[in-house]
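Presented sequentially are two complexes of subunit A, the first with subunit B as partner and the second with subunit C.
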Partner chain A sequence: MRTSQNRPQHYELIRRIIYVGIALAVILSYFIDYRQKFTPSPESKKVFDKVESLSPGDHLLISIDYDPSSEAELYPMCLSLLRHCFKKGVIPVVMTPWPGSVGIAKKGCDEAAEDANSMFGKKVVSGKDYAFLGFRPGATNLILKMVDNLKGAFDKDYYGQPTQGMEALAGVNSLKDIKLLVDLAAMGTVEWWIAYGADRADIPMATGTTAVMTPDLYPFYQSNQLIGFLGGLRGAADYEKLLEIPGRGERGMLAQSATHVLIILLILGANIHMFAGRFGRKNEGLS
Partner chain B sequence: MSDHTQADEIQAGAARRRQAIEIGVLALLVVAFFIVSLLRQNPFDKDADPTKAIGLIVAAGLTFIMFSFLYRDNPLFKAAEHLYVGVSLGYAAVISWREFLRPLVYQPLFEAPTAAAFKSSLLHLAVPVALGFLLMGRISRKHGWVSRYAYAILIGWGAGVAIPLITNSFILQQLTAAIKPLQDVVNEQALGAPWFSRAWLVGVAGPVFGALVAMIGTVAVLFYFFFSVEHKKVGSAVSKLGIWFLMVSFGASFGFTVMGRLSLLIGRVNFLLGEWLNIQNK
Partner chain C sequence: MIFKRTIPLLIVFGIGVLGFMQYYVPHPWSTAFRDEMTTWGMVIGGFATFLGIYSLSHMHATRILRQVPGWGYSIFVFIGAIGMIAVGIYSDIFGPLASGTKHEVDPFDWGYDNILIPCSATVFSILAFYMASAAFRTFRARNLAAGLLLAAAIIVMFGRVPISESVSDWLFNDRMVIPNLSKAIMDYPNLAAKRGIMLGIALGVISQSMRILLGIERSYMGGGD
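Right after this comes the complex of A and B.
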């Protein structure tokens, strides 16, 4: 019997069994006390090494180009980057060109600032140790403006403090004064930042993106327009491992591997089933 | 009564029974959800933060509603979907007003401290604000044409700025990287290492092999999209090689997409177990 979509009815059942299998693999992985061993990728290591090479007082700009729907992959990266900055005394300048990203950007800054206190014994203050500039519209126009005059693009920070004279932005007049630009993106903003920001200001750039976007970054990595990148949850896990502060990324690796193994087994099983069926039909035809 | 009518009635009866069972199961699940929520995130508990607890319960409930689509499309899923769009737009509107429109447009024009400040603001803001209002002309069918002036400026200015920057970043720099001499990709320190040693393999053989594969792939894929000559004999082989490179690229993209979607699932499951049910993993 076939359904209205011309599929055998048992396909619906198989589909639901697959969902349950994937869900079980993820849920059970949560309860297993095992940290999966993995080696950070060279692309992730280059981002870490670049941040590690910055001196205290240097500025690193983080553009939050994702909203809560991509939190699972990108928030752990944001947290690790900010923790790394606070650990080293590098000053992160956080901003977003998307109104929907303000809340999640602020959450990252607040959580990392609290962590700096509990993990490194540093009291981190907005406007002094980091700057949270909030949101400004304009997308590519905003980036162009930042290359010429960063404080003109953001005359006040998120909390309403004037950026002119702000201790955290001392010595920063334009994007050219930023030592590393990091775009954490779930949207097509990486290209904007490369063309309108990093290439024009001639500053190094790295990205952290969702896994879906990661394959598109390799051409820019090969041409050195990106010094490195963090790809998906795996990229976040890489950075956490390099920073030696475990977080959601590393915790998710076991679930990620378990589901990948399950998917591979399902693909193999489905292919065996298909070829066995074909072989059986062929034999029936011969007899 | 005809056989057709009888069969229709049997089918309708089965559908009604199925619907009743589904509603019953849904009701049980809703009750179970609220019981579990109250046990793990009780907003009435004297030590609890009610705002946080209610937020977690709502988020968990909406997560389950979104997952219900895996069973079948349903009204609850539709409602949650519309809620998501509405909340996103509402949030963006409030943030736009608070972060940008109020301090940069409204206050300088309507709350200017002096007449001179007002004049200065008017001088700077009149043209952009007028163009912004012209864009809103799209709302009206009759007066939609006025938005074309704003779009003309947007497109003209945008293209003028974009063309040189995009050409430099996405064509010239990519071309430069694609035709890099082989000596630029090898690690010079590894050149003196014995053949087939680890240093030689990593510093010389690997990068050279990678560069050659990239070169062959670029040529083959470009040739696949070159339709001015018929793909015969050698041309056909190169074109097929191009297809293989494209297939590998699509496979990698698909693999990353699966990984990305699973990461989102892992994020939600971690939220449900770790935050909503408050079960801490080790």
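Right after this comes the complex of A and C.
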């Protein structure tokens, strides 16, 4: 068996060259201030259009189902969604069923609230213009509880304010009163929210996931269980473009283009090398 | 035997059947039962955190005590955990060390934003290097099936990034040829394969659930039978 100890030396060298190449492609792309032109995907546009169709005072629930390791792909989506809500006067209700995600959810709320002030001249306040409910354990049980009694599942928000009588949650008793559910996920929670949340409460649902999870969403999208989805950093970039507020998603597109092209070139190079080797051996055999 | 096997099996059967039935019975008693059960589920879920803390601490304490190779890293688990718990209690405005007002620079948030987020993101981003190296070594057109997989991978990988639109425009005078090809692969072959896999998993979950409810599958009780 070939191990790292007895692997041919040129393999190690090639591996290091690949690592350096990827690092350079990513790092140098961030120093080049060039915005690539691209058309947002229909899936991303449907999410944007749905949020755009909501009226001021409507509620949009965002479940933060990712931890800091997936921050690069999903945080820009969270920020854009919250900015869009604040721009339109839609009330976002943010929560997480993961203890490690509370900080990143709070960071998103705080940053978007500051942006609302600087970008749209709106002073948004927790408990009035948005609700940050924080973390509760229970996973699927939490979702089922929210379908019956949202304020029972979250009796207080992250800051300790009681949810009963909270201005931001006026008219919201259960998940059925939410106009759009968005799950930002790096874990297998999309199916939980579809089966136990959106389908049972009969509300529309969209999602934003890491790129590797995106292929799993197509069956739900085709069956209209998802109205649309944001797939990976490209999904975040699509939303930023539609919202006309550039951010980290659009900024990362050049790095993503460079690395994808580099990987494709590496694959093609490896295949050319393989076929050249076969051809050479064949010729040696003939002579 | 009754306490170890029969009663647990009856509890599983009873709660399982009631949990299943409440989907189809809209009676207020059924709704109240579901409400009660979900509350219980949330409380039990909370206790899983303590179980996780115990398991993690036990594993790393054992590594330190036995000084197994790499035991030094386990010390950082305790430094990180105890450090974050301490600043978390200190920072909590409702906690036992609370001053009653929110700290201007919350030490817990500072640690989360400046240590946890960069460290987690760094570890996860290393994946890009491994993926590039693995793609280089494994995507070889050794036969027709491997060649098709390779072609699909290249089209999807290229079609997902903005540069594909510029290249399509230059090659075909239409910005969307390559992105649309990528989309077609995701919309049809990918969708069909994913749906088949999902249906297979769902049927497996249903059959396994039935085996547990009917007491055929008992490995969750321990003992391996």
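As a convention for this text, the second predicted complex is superposed on the first by the 280 of 287 C-alpha atoms of A that agree within 3 Å, B and C clash if a C-alpha of one lies under 4 Å from a C-alpha of the other, contacts with A are read in each partner's own complex, and residues count from 1 in each chain.
To be clear about the criterion, a residue touches a chain if its C-beta (ideal position, glycine included) is under 8 Å from a C-beta of that chain, and two chains touch if they have at least 3 such contacts.
Just so you know, these numbers come straight off a predicted model, no measurement behind them.
S.K.: Just subunit B (first), just subunit C (second), both, or neither: which does A:Ser257 touch?
M.R.: A:Ser257: touches subunit C, not subunit B.
S.K.: For A:Asn271, is the partner it touches subunit B (first), subunit C (second), both, or none of the two (neither)?
M.R.: A:Asn271 sits against subunit C, while subunit B stays out of touch.
S.K.: When the two structures are overlaid on chain A, which partner does A:Lys145 contact: first (subunit B), second (subunit C), both, or neither?
M.R.: Touch status of A:Lys145: second partner only.
S.K.: Touch check for A:Arg281: first (subunit B), second (subunit C), both, or neither?
M.R.: neither
S.K.: Look at A:Ile104 in the shared chain and tell me whether it touches subunit B only, subunit C only, both, or neither; answer first, second, both or neither.
M.R.: In the superposition, A:Ile104 touches subunit C alone.
S.K.: Mind working out whether A:Glu71 is in touch with subunit B, subunit C, both or neither, as first, second, both or neither?
M.R.: both
S.K.: What is the contact status of A:Ile194 with respect to subunit B (first) and subunit C (second): first, second, both, or neither?
M.R.: first
S.K.: On the A-aligned overlay, A:Gln222 touches which partner chain: subunit B = first, subunit C = second, or both, or neither?
M.R.: A:Gln222 sits against subunit B and subunit C alike.
S.K.: Contact-wise, after the overlay, does A:Thr39 reach subunit B, subunit C, both or neither (first, second, both, neither)?
M.R.: Only subunit C; A:Thr39 stays clear of subunit B.
S.K.: In the superposed view, which residues of subunit A touch subunit B and also subunit C?
M.R.: On subunit A, the residues that contact subunit B in one structure and subunit C in the other are 19, 22-23, 26, 67, 69-72, 99, 103, 136-137, 140, 144, 211, 215, 219, 222, 232, 234, 256, 259-260, 263.
S.K.: Quick one: which bits of subunit C touch subunit A in the complex? Just the residue numbers, please.
M.R.: 31, 34-35, 37-43, 45-46, 48-49, 93-94, 108-109, 112-113, 116-117, 119-121, 123-125, 128-129, 131-133, 135-137, 139-142, 150, 153-154, 157-158, 160-163, 165-166, 175-176, 179, 183, 186-187, 190-191, 194-195, 198
S.K.: Which subunit A residues qualify as touching subunit C in the complex?
M.R.: 14-15, 18-19, 21-23, 26, 36-39, 41, 67-72, 99, 103-104, 106-107, 136-142, 144-145, 148-149, 152-153, 160, 211, 215-216, 218-219, 222, 232, 234, 237, 253, 256-257, 259-264, 266-271, 274
S.K.: Show which residues of subunit B lie in contact with subunit A when the two form their complex.
M.R.: Listed in rising order, the residues are 70-71, 88, 91-93, 95-96, 99-100, 103, 158, 161-162, 165-166, 168-170, 173-174, 176-177, 214, 249, 252-253, 256-260, 262-270, 273-274, 279, 281-282.
S.K.: Provide the residue numbers of subunit A that touch subunit B in the complex, in ascending order.
M.R.: Residues of subunit A touching subunit B: 16, 19, 22-23, 26-27, 30-31, 33, 67, 69-73, 99-100, 102-103, 134-137, 140, 144, 156, 158, 191, 194-196, 199-200, 210-212, 214-215, 219, 222-225, 231-234, 248, 251-252, 255-256, 259-260, 263.
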